[in-house]
Every structure is written in C-alpha cells, then in structure tokens.
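Pasting the structures here.
Both of the next two complexes hold subunit A, though its partner changes from subunit B to subunit C.
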Partner chain A sequence: MDFVVSQLLTGLSLSSILLLVALGLAIIYGVTGVINLAHGEFVMLGAYCAWLLQTQLGWGLLPSLIPIFVAVALLGLAIEYLVIRHLYDRPLDTILATWGLGVMAQQIVRLLAGGELRYVQMPGALSESVNILGATDSAYRLFVLAFALGLFALTWYVYRHTSIGLQLRAITQNRQIASSFGINAGRAYRLTFAYGAGIAGLAGALISPLKSVSPEMGTGYVVDAFMVVVVGGVQSLFGTVVSSGLLGELTGALAYLSNDTIAKALVLAAVVVIIRFRPQGLFTPRLRA
Partner chain B sequence: MKNDRRTFIKHAAAAGAFTAAGFPHIWSKNASLAYAQSGQIKVGVLFSLTGTTAIIEESLNKATIMAIEEINAVGGVNGMKIVPVVEDPASDPATFAEKARKLVLSDKCVSVFGSYTSASRKAVLPVFERQANLFFYPTLYEGRECSKNVIYTGAVPNQQQDDFVPWLVEKFGKRWYMIGSNYIYPKEENNYCKKLLKSLGAEVIAEEYVPLGHSEFSSVINKFRSEKPNVIFSTVVGDSVVALHRQYRAAGLDPATMPMASLTTSENEVAAMGGDAAAGHFTSAPYFMVHESPENRRFVEAYRKRWGADKVTHFVSESSYFQVYLFKQAVAKLKAGDINPLAIREALKGEQFQAPQGLVKVEPENLHCWLHPKIGQCQSDGQFKILKQSANWLEPNPYSAYPNQKCTAEGLKEI
Partner chain C sequence: MSNKPILQLSIYGAVCLALLLIPAFIDDAFLLNKLARYLIFGMLAVALSLSWGYAGILNLGQATTFGLGSYCMAMALKLKTVPIHTGAEGLPDFMVWNNVTELPWLWWPFQSLPFAVAAGILVPAAFAALLGWFMFGGRVAGVYSAIITLAAMVVVNLIIIDQQSYTGGFNGITDLARFEVLGISFDAYARSTYLLVAGSLTVALFAALALTRSKTGLILQAIRDQEERVRFFGYDVARYKTFVFAVSAAIAGLAGMLYTIVMEFASPTFLGVPLSLSIVIWVAVGGRQSLLGAMLGALLVTGVQGSLSESETFLSTWTLVMGGLFVLIVLFMPRGLAGIVSGLRRRDTARKAAAQPSHPVGAAGAPAGRTA
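Showing the complex of A and B:
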C-alpha cells in the first residue's frame, strides 16, 4: 500500500514540475499563438535569479519568489515590446527569433555567471521528509506540488472569472472582432507574454534546489513543456493540467517498472501516437466554425 | 535573397578550399621533423575551454600550464624551455581530432596533453597512432584500451575498485544497487564491479542506467526506498550527479545506512552540489585535495596562488599536473637531437615521480600508471576525509574485467 502511495506521489511530483514549466508556455501559445522557444531560458533565468539572490544577498528561496517573478516577467515584457510584437502572424519568424533569444540568453549567462554548475539551497523548513499514508516523501516536493496547483488555480480564476480573462478569451477566439469591440489586443498580448515568462521564472526557481543550475538547463524543459502542451491541446488550460498529470504519472510508473531510459522513449512514443490520432490534443475548447 | 545565398555558398566553398590548402604537412614524413629547435620544446595543451565539459577541463588546462611554468622557472629541460601551444576543442570530439591534427602536424608538437571524456580520447587516438606522436591522458577511465601512443595517468577500474568494493561490502553489506549514466564508462566500471562482488559473495539487486544529462531521480529514489540496498554504486556523471545527490538528500535518505559509492565525484562535483548534499557519501580515487604530503601542500598552495584562493584541486587536475613532470623527466634523459615522440615514450617506461598523491610510476608494459588508491568520505565543508589508503601503490590493469586479455608492450594479447 505505502508503495503504491509513494509511486503515486512520485508521479504527482513529476507532474507538478511539468505543469509549472508548461503552464507559461500554454498561456503564451494559447493566447498569442507565439511558439516561444526561449521558454526554457526563462526557466533557466529564474533559477539563476534564485542562485544570485541566495549567494549575493543571502535570501532564502521562498522570499525570493516574488522578486524573481517580477524580474523575469519584466524581461518577458521587454522582449515582447522589442521583438515579439513585430512578429505576430509570422509564426516561423517568431520561432527563429525566440530560438535566437534563447541562445543569446544562454551565452550571456555563461559569460556573466560562468559555466560552472550551481545549486540553490532548499528552504530549511521544507528540507525534511514527511509521512503520508505510510509513504515517505520529500516535504519540498509536496510544496512544489501545492504551489503548482495554486498557481494553476490562480491562472484559471484570472482566465475564467475576471474581465481581463474575458478579453483574453475573446482575443483567442477572434482577434479582429475582439479588437473591433474595443479590446486592446496588443496590451493583452504583452501582459500575457510577461505573465507566462514570470511563471517560467518561478518554475526555474522552484526546481533549482532539486536539480543543477547551468546555462543549458532550459533546453530539456522546453521539450517537456511542448510535449505537455501538444498532448493537452493548445488552447486548453485544463488540458495542460490533465496532460502534465498523465505524462508525469506515466513517466514515474514506467521508470519504476523498467528504467528512466526506457520510460523516456515510451512516453515520447505515446505522445507521437496521441498526436497522430488527436492532432488537436486531448482537450480542445469547442468553437463555432 | 537568392543572390545572397549564392554568394554565401561561394564564400563557404572558398573557405573550405583554403582550409584544405592550409595543411600541406599531411604528406610530410615525421622523421624529418626537428622537435627541439632553438632551445624550445613545443607541446600541445588540448583541453576544452568552452562548451559543456569546459567546467572541468578548464581546471586541467590550468594544472598543465602551471606545471609547465614551474618547470620553465627553474631552467626548463636541459636548458630548453617547454612552450605550450594551447588549443580549445570546444567539448566537441570532431574538433578534438581537428585540433590534435593541427598540434601534431602544423605546430610539430612533440607530445600533447589533453582531453577529459572517453569520447574525445577515442576521437584523437587515430591522429596520434597514425602520426606516431604521443598523447598524455589524465582522466580516470574505463580501461580496455591498449594504445602505444597514449600515456594514461588516471586510474583504471582495478585501481579504484580493488580496495573500495571489499571495504564497502564489509562495512555496509552485500546488497548492491548500481545506477549509472547510459554510456560506455559506467557499463565497463560495473562489469568489473560485478566481478568483484561475485567473488565476495555479494549480490547486485539492480543495474540501471539513466540518459546522459538526466535530472529527475524520483523514481530511482523510490526504488532505493523499496529495495533498501546496502550500497548504491553510482557511476552517474555530469550534472546528473548533482541532481541525484540533491534529490537523495531531499527525500530524507540516510547515507549512514545506504551510502552512495562513486568513482567520479571529486571536489569539483561536490562544489557544484553543495557540501550538505554530498556529506556522508564515499569516493575512491588516487588523490584528494586534503591528502597530507609535502608535495600536495606545495601543489595546492601553488595552484591557489596562481589561479585563485577559492579554487579546488581534484584527482584529474592532479594527474594533469604530474604527467607534465613525467614528460620532463623523460625528455631530460634524451639528447637534444634524439628528442621525438617515440623516444620519449621509451624513456617514460618505468619512469617514477613523487606526485602529490605519492610516488607514481609508468608501467612499461601498458603505459598506464602505478597509483595510490584512497577512500574518501565527503564532509559538509565540501572536502573529503580520507578513511583508508592502500599501503602500496597499485598496478594498473586496463583489462581487469577481461581476464583472457592482457595489454603488453607488444600490444593486446589474448591469453
């Protein structure tokens, strides 16, 4: 019994990390249609912010989260203003531009902070392990899980129940008509991009105590995030949470039954099969044609 | 747009032709090369200063350069200065081969010190064998190689495991869990380890490999928890090792009952993961920074003075350092007119040097080194505590996992 619980918890922990990384990407893609290949670098920058605040100012991880969100969101805002907004409706160019930005971010960090691997200290109160139904799990992993769900709930609330969310949904359905009703689409896009970047920064900060921090760390996450978004359906927040849950549990279970190498291959194969038969993803908002 | 592309192709083709023309030496004979001209001996230094493994290779470059500077400061070799030609192969095996060719053919280096990963060593090997040059390789590696053009100064499996594995079995128990990165080095180390464990009556309860660069170990840790091994034999490398240790610590597992035993976790990796995550785990290596010897005190002091007070020395930077001295001693035995790579190799056979780790010797048969294995336990300050040192130096046996093969001076022999 405790073994099943601990395996479920492992899967949930994997899911929560996937959700954190994919959420920002899903929002940006869902609303603006920009395929942001620099997303992994926002994650990386969040992790480096956490490292910087810790080593330079002695801040713990938890109080650092708000300044990290603000810093990476502001960077996202600047990038949207300087680069992305000139490229809307040119999907191939945005892919190239964001990929280039990602490469630049990696090299800038390498030049400023050095290529060494770094680490971020886990918050003291969460560095213990706790007992749940007979299974032991890291308190920090549970915290990340709770945080990811909280962040999702907040995003969901903003999207469904606020006026800015209503505007976003209107733009997603039809930008021209939304604009003709007086919705400032440019502003909505900018805020969305900034919010998505900020969430990626938070993701980076939160995973930094569990993983190593290096300039190239983002590359792997952007692949995982795309997998989640593609499986979940690109315009569905709900799809993102379900698909990260699914992929996390699947990876965890397969890795337990065989090993991580095989799990990775099988999960990718499963994703290929899913998008072969449901190219629109598992969940898609119903739209009138 | 079209025009641009055409011009680009034209330029690229021209550049290609130019590069090819830049290496006319490909056809020249080695015998005619004069290696010790005008009181200088040129050597190549081939460690990545950019790219993924630059983090560690930079420290190997620094140790090599420091040894060369020290030798030149006291008059060089028989009055001749050693001149290092530094190249940056950018962590890419193909670039390694290209730069090695340049050092050997165009710079006419008499030997080259370099490389860290097995992939890069395999990439440069044909260059040194074909051009009859000499390569000094400082890294511990998986063995199973018998080149006559490489001097191997790092440990091979038997030198890291012969003392380590029985000690761990006796101290912790007979249920072993093997976790490694998915490539040749961990598999070969595990092959030898399994052989040792079998002779000790211990069992391997799992042997598992994760992809290179893997950073999510929660499923693996779950298995540690349910299998409860006595020892976790880890050959995980690179940034994965940081993730594994930090997640092990976060999961609340206890190194006192389920320690990780590693062959690759040096002071350098510990600095990247933090002492708290590394504390309590074990590493076997010929050298630790805290080793007490006058030579090591001098080495650490000089290294920090030259490169910065926060720098660490580790078991690969130590061999990068002493192999330059072995080279120097061998060259010193030769007359200036006789200096060439193969003469240096012959002079190196049986050569000894008082290294920071202790006295080392080049084994004449297989060109690997006799080394002093040690077992260290990591402490929370990021340094190791040496728990056991072998009384004698240990012979290198690159084919320890393959008893029917032996590396001899004539080449690989089937027994």
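Showing the complex of A and C:
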C-alpha cells in the first residue's frame, strides 16, 4: 500500500512541476497561438531571480515570489511589445523568434551570473517530511502541488468569470468580430503574454530548491511543457491539468519499470502518436470551425 | 530564385569551383580540417533549405538524420580498428567494457564498408520517409510537424544514450580507423578529405538544384504556398512532401558520414537540439528559399563562430549577438541574405524594363499550413 502511495506521490510531484511550467505556455498558446520556445528561459530567469534575492538580499523563497512574478511578467510584456506582436500572422516564425530570444536570455545569464550550477534553499518551515497513508513525502513538494493547483484555479476563475476572461474567450473564437465589438485584442494579447511569462517565472522560483539552477535548465522544460499543452488540447485549461497529471504519473511509472531515459523516450513517442491522431488534443470538445 | 537558369548555374558552379580550389592555396592542415567541417554544415543547410524553403516543412530535427548517417560510418570504421585492447573477436572496446560477449546482430553488416556507406544514406532516408508518411499521411502540418520532428529527435537521442552497450552511450563511438576507399586513405587533416567533402557538397548542391527545377520541385513549391489548392488539383500532397523530406534526410545522412570522417568520432550531441536549431539559424540567415544562400549562410555563421571560439567570453558574446541577429532576421528579413541579393537584382531588372511593371514579389514567409 505505502509503495503504491509513494509511487503515486512521485508521479504527482512530477505532475505539479509540469503543470506549473505548462500553465503559462497553455495560456499563451491557447489565446495568441504563439509557440513560445523562450518559455523555458522565463522559468530559468525565475529560478535565477530566486537565487539572486536569496544570496544577495537574504530573502526567503516565499516572500520573493511576488517580486519574481512582477519582474518576469514585465519582461514578457517588453518582449511581446518588441517582437511577438509583429508575428501573430506567422505562427512558424514565432518558434524561431522566441528561440532566438531564448538563446539571448541564456547567454546574458551566463555572462552575468556564470555557467556554474546554483542552489536555492527550501523555505525552512516546509523542509520536513510528512506522512501520508504510510508513505513519506517532503512538505515542500506537497506545497508545490497545492500552489500549482491554486494557481490553476485562479487562472481558470479569471478566464471563465471575469470580464477580461470573457474578452479573451471572444478573441480566441474570432479576433475580427471581437475587435469590431470594441475589444482591444492587441492589449489582451500583451497582458496574456505577460501573465504567462510571470507564471513561468513563479514556476522557476518554485522548482529552484528541487533542482539545480543553470542557464540551460529551461530547454528541457519547454519541450515537456509543450507536450503537456498539445496532449491536453490547446483550448482547454482543464485538459492541461489532466494531461500534466497523466504525463507525470506515466513518466513516474515508466521510470520505475525501466529507467528515466527510456521513460522519457516512451512518453515522447506516445506524444508524437497523439499529435498525429488527435492534433486538437485529447480533451478538447469538438469545436465548430 | 533567378529566372535565368544559365546565370544561376554559373553562380552555383563558380562558388563550388572556388571551394574545390581552396586547398591549392592553403597548406595548413588544421585550417583545412576546420573548413571541411564548415562545408559539412553547409551541406546540412542545403538539406534543410530543400524541405523548409521549398516545401514549407520546418524540420526542427534535421540533426536526427545527420546523426544516423554519422553513426553508420562510425560503426563501420570502429570495426576496422586494430583490436589492441580487445579480444580476438575484434569487439569494439566499449562493448568489452559493457560485458558484451559477441558482436550484436545490428553491427554485423557494418563489417562491410560499402554497406555502411549505403546505409549512411538509406537509413536516414528510410527514417525520414517513415516519419514523413506518418505525419503527412495524417495531414499534420505547420507547427505540429515541427514539434513532431523535434520530439522524434529527442526520442532517438535518448535511445542512443540509453543503449550504452550497443552505441557507446553518452561517450559516442571514438577511436576510429581511417576511411579508406580505392587505396586512398582519408586522413581527417589531409587534402584528400577536404576534396571529398567539397566534392560531395557540390554533388549534393547540384542534385538539390536539379530537384527544385524539376516538375516535382515546382509542385513542392506550390504545396508550400497553397497546399489545399494543390490537393484539389489531384496531386498526392503527402507523397510529394514525404519524398522531399527523405531526399533532405539523405543529404543530411551523407553530411553525417563525412562529419564522422572529419571529426574522427560520433557522438549523441550530433543529433542534439542545439545543432538542429543551429541549422535552422544558418538557413534563416542565408535565406531559406535559396540553396546557395542557405549554404553560404552556414559557412558565414560557423566561420565567424569558429574564429571567435578561442576565447570563451567572445564565444558567449557572439552567441548573444547571433541570437539577436536571428530575431531581427526573422522579424524583418524572412528571406535572409539571399533575399537582399535577389531584391537588388529585381530592382535592377525593373529599372531596365521601365515600361513593364515587374511581377509582384511573393509575400515573404511561407504561410504555414494550419491543421484543422
């Protein structure tokens, strides 16, 4: 029993990280159609902000979260304004441009902070382990899980129950008609991009105590996160949650059965097959064209 | 894309001739080896330009086929080494370290060099044909096919790293014999190797040029611009796309084999994400819709990068500049440097034929086919 629980918890921990990283990407891709390959670099910048605030100013991780969100969101806002907004009608080129931005971000960090691995301290209050149904898990991992779900709930609420959310949904369905009803699509896109970037920054900050922080850390996350979004379905926030749960548990189970490398390869192969047969994602209701 | 085939042929021919003549003026073995490496990257750029620039298939996993070709050659050359540290079986050393007792069946045919050379072209082509059939048969296009190519590459890369006892794993395949054919031994630093590379590049470039000028090439460009319309004309779009995808993979496979000869090893980094994305940069800088432009883009970018690589700080700064340049090119010059050249020439012709309006220049980036 406790083995099953601990295996499930391992999977859940992977899932919560996937959800944190994928949520921002899902919002950006779902609303604007931009494939943001620099998303991993937003995550990396969030992690470096956490490291910087901790080592230079002695801030704990939890109080740093708000300034980190604001900083990375502002960066996202600037990038949208300078680059992304020129590319909305060229979706393939957004891949290229955002990748170029990602390379720049990596190099800037490497030049300023050095290429070596950095470590961030866990919040002291959360460093103990907790006993759940006979299995132990670190309190921090559970906190990350709760935080990811909370962030999702907030995003979902904004998207479904506020006027800005209503505008976003209108733009997603038909940008021209939404604009002719007086919705400022450009502004909505900019805010969406900034919000997605800010969430990625939070993800990076929360991941930083679990993994080592390096300039390249984002590259792996962006591929994983993109797979989550595609499997979950582009227009469906709930799909993102379900698919990050699914892929996290699947990776955890396969890693137990074989090893990490093969687990990753198998999950990616499964994703390829899913894209081929259901490019709209597993959990998207049939949409009218 | 010039409308004067003679002019275009002579420009391509002149560039290739210049590349073939370089060893007559350079005596530095290390420099020749470096130049040979850049030419191989140029060949990769030609391969990507064929699928991306002419058929609109953005392949973010071009390095997959490059790496497969490279491993085919490395397996053959590994089996040709004198087994000093290994048993009489002639087993590659890393297999001995991994307690493999006999040669795996996958390695058997690679004892023949001609087989390996054929495999280095056919295995990547078959892989691409399979992947292409899988994607294009299901009408997966645009962004989604880009992501599939990326994911497929990571899968192959992870498998190679994981199967250490058969592939050398993370270390790759090292300590190779020299490539020898018809009594000529191709030392990595010799003139002969440079000429082999430059000759292969010339052949690949002209083969690709012939393809783009053929009827198939025209249909591919039509597919790039208006996929749906070509399908309505009754062409089997998936078959055309799969074909060009496989040809592009064959060129990349050839480049991979040459890279093993020049570098004297094969490594999983040859089919990594960084290399794949670098190829995209070279092609974007040079101009995706010009084979020669793409190739020169690769030579330019890797050449500058190579000359700065002595200093770590320079290299980091250069990568930063490169990233910025790439973003600017994507934003403002989707046709790359070649676009500037053909733009100038077009202005020139327009001025000469002042009475006749020049034909409308096709809109820059290939509109991505959206999947429903």
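By definition in this document, the second predicted complex is superposed on the first by the 287 of 289 C-alpha atoms of A that agree within 3 Å, B and C clash if a C-alpha of one lies under 4 Å from a C-alpha of the other, contacts with A are read in each partner's own complex, and residues count from 1 in each chain.
Everything below uses one rule, namely that contacts are C-beta pairs under 8 Å (C-beta built on N, C-alpha and C of every residue); 3 or more make two chains touch, one makes a residue touch a chain.
These numbers were taken from a predicted model, which means no experiment stands behind them.
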| item | value |
| --- | --- |
| Partner chain in contact with A:255 - subunit B first, subunit C second, else both or neither | first |
| Contacts of A:174 with subunit B and subunit C, given as first, second, both or neither | neither |
| Partner chain in contact with A:141 - subunit B first, subunit C second, else both or neither | first |
| First, second, both or neither for A:264, with subunit B first and subunit C second | both |
| Subunit B versus subunit C as contact partner of A:210, first or second or both or neither | first |
| First, second, both or neither for A:119, with subunit B first and subunit C second | first |
| Contacts of A:162 with subunit B and subunit C, given as first, second, both or neither | neither |
| Contacts of A:223 with subunit B and subunit C, given as first, second, both or neither | second |
| Contacts of A:7 with subunit B and subunit C, given as first, second, both or neither | first |
| Intersection of the subunit A residues that touch subunit B with those that touch subunit C | 259, 261, 264 |
| Complex contacts: residues of subunit C adjacent to subunit A | 58, 60, 134-135, 138, 140, 142-144, 146-148, 150-152, 154-155, 158-159, 161-162, 273, 277, 280-281, 284, 313, 316-317, 319-320, 322-324, 326-327, 330-331, 334, 365-368, 370-372 |
| Contact footprint of subunit A on subunit B as seen in their complex | 50, 52, 54-55, 182, 208-211, 213-216, 218-220, 222-223, 225-226, 239, 242-243, 246-247, 249-252, 271-274, 276-277 |
| Sites on subunit A touched by subunit C in the complex | 35, 83, 86-87, 90-93, 95-97, 99-104, 107-108, 110-111, 219, 223, 226-227, 230, 259, 261-262, 264-265, 268-269, 271-272, 275-277, 279, 289 |
| Touching residues on subunit A, where the partner in the complex is subunit B | 3, 6-7, 10, 13-14, 17, 115-119, 121-122, 127-129, 136-138, 140-141, 209-212, 214, 216-217, 220, 251-252, 255-256, 259-261, 263-264 |
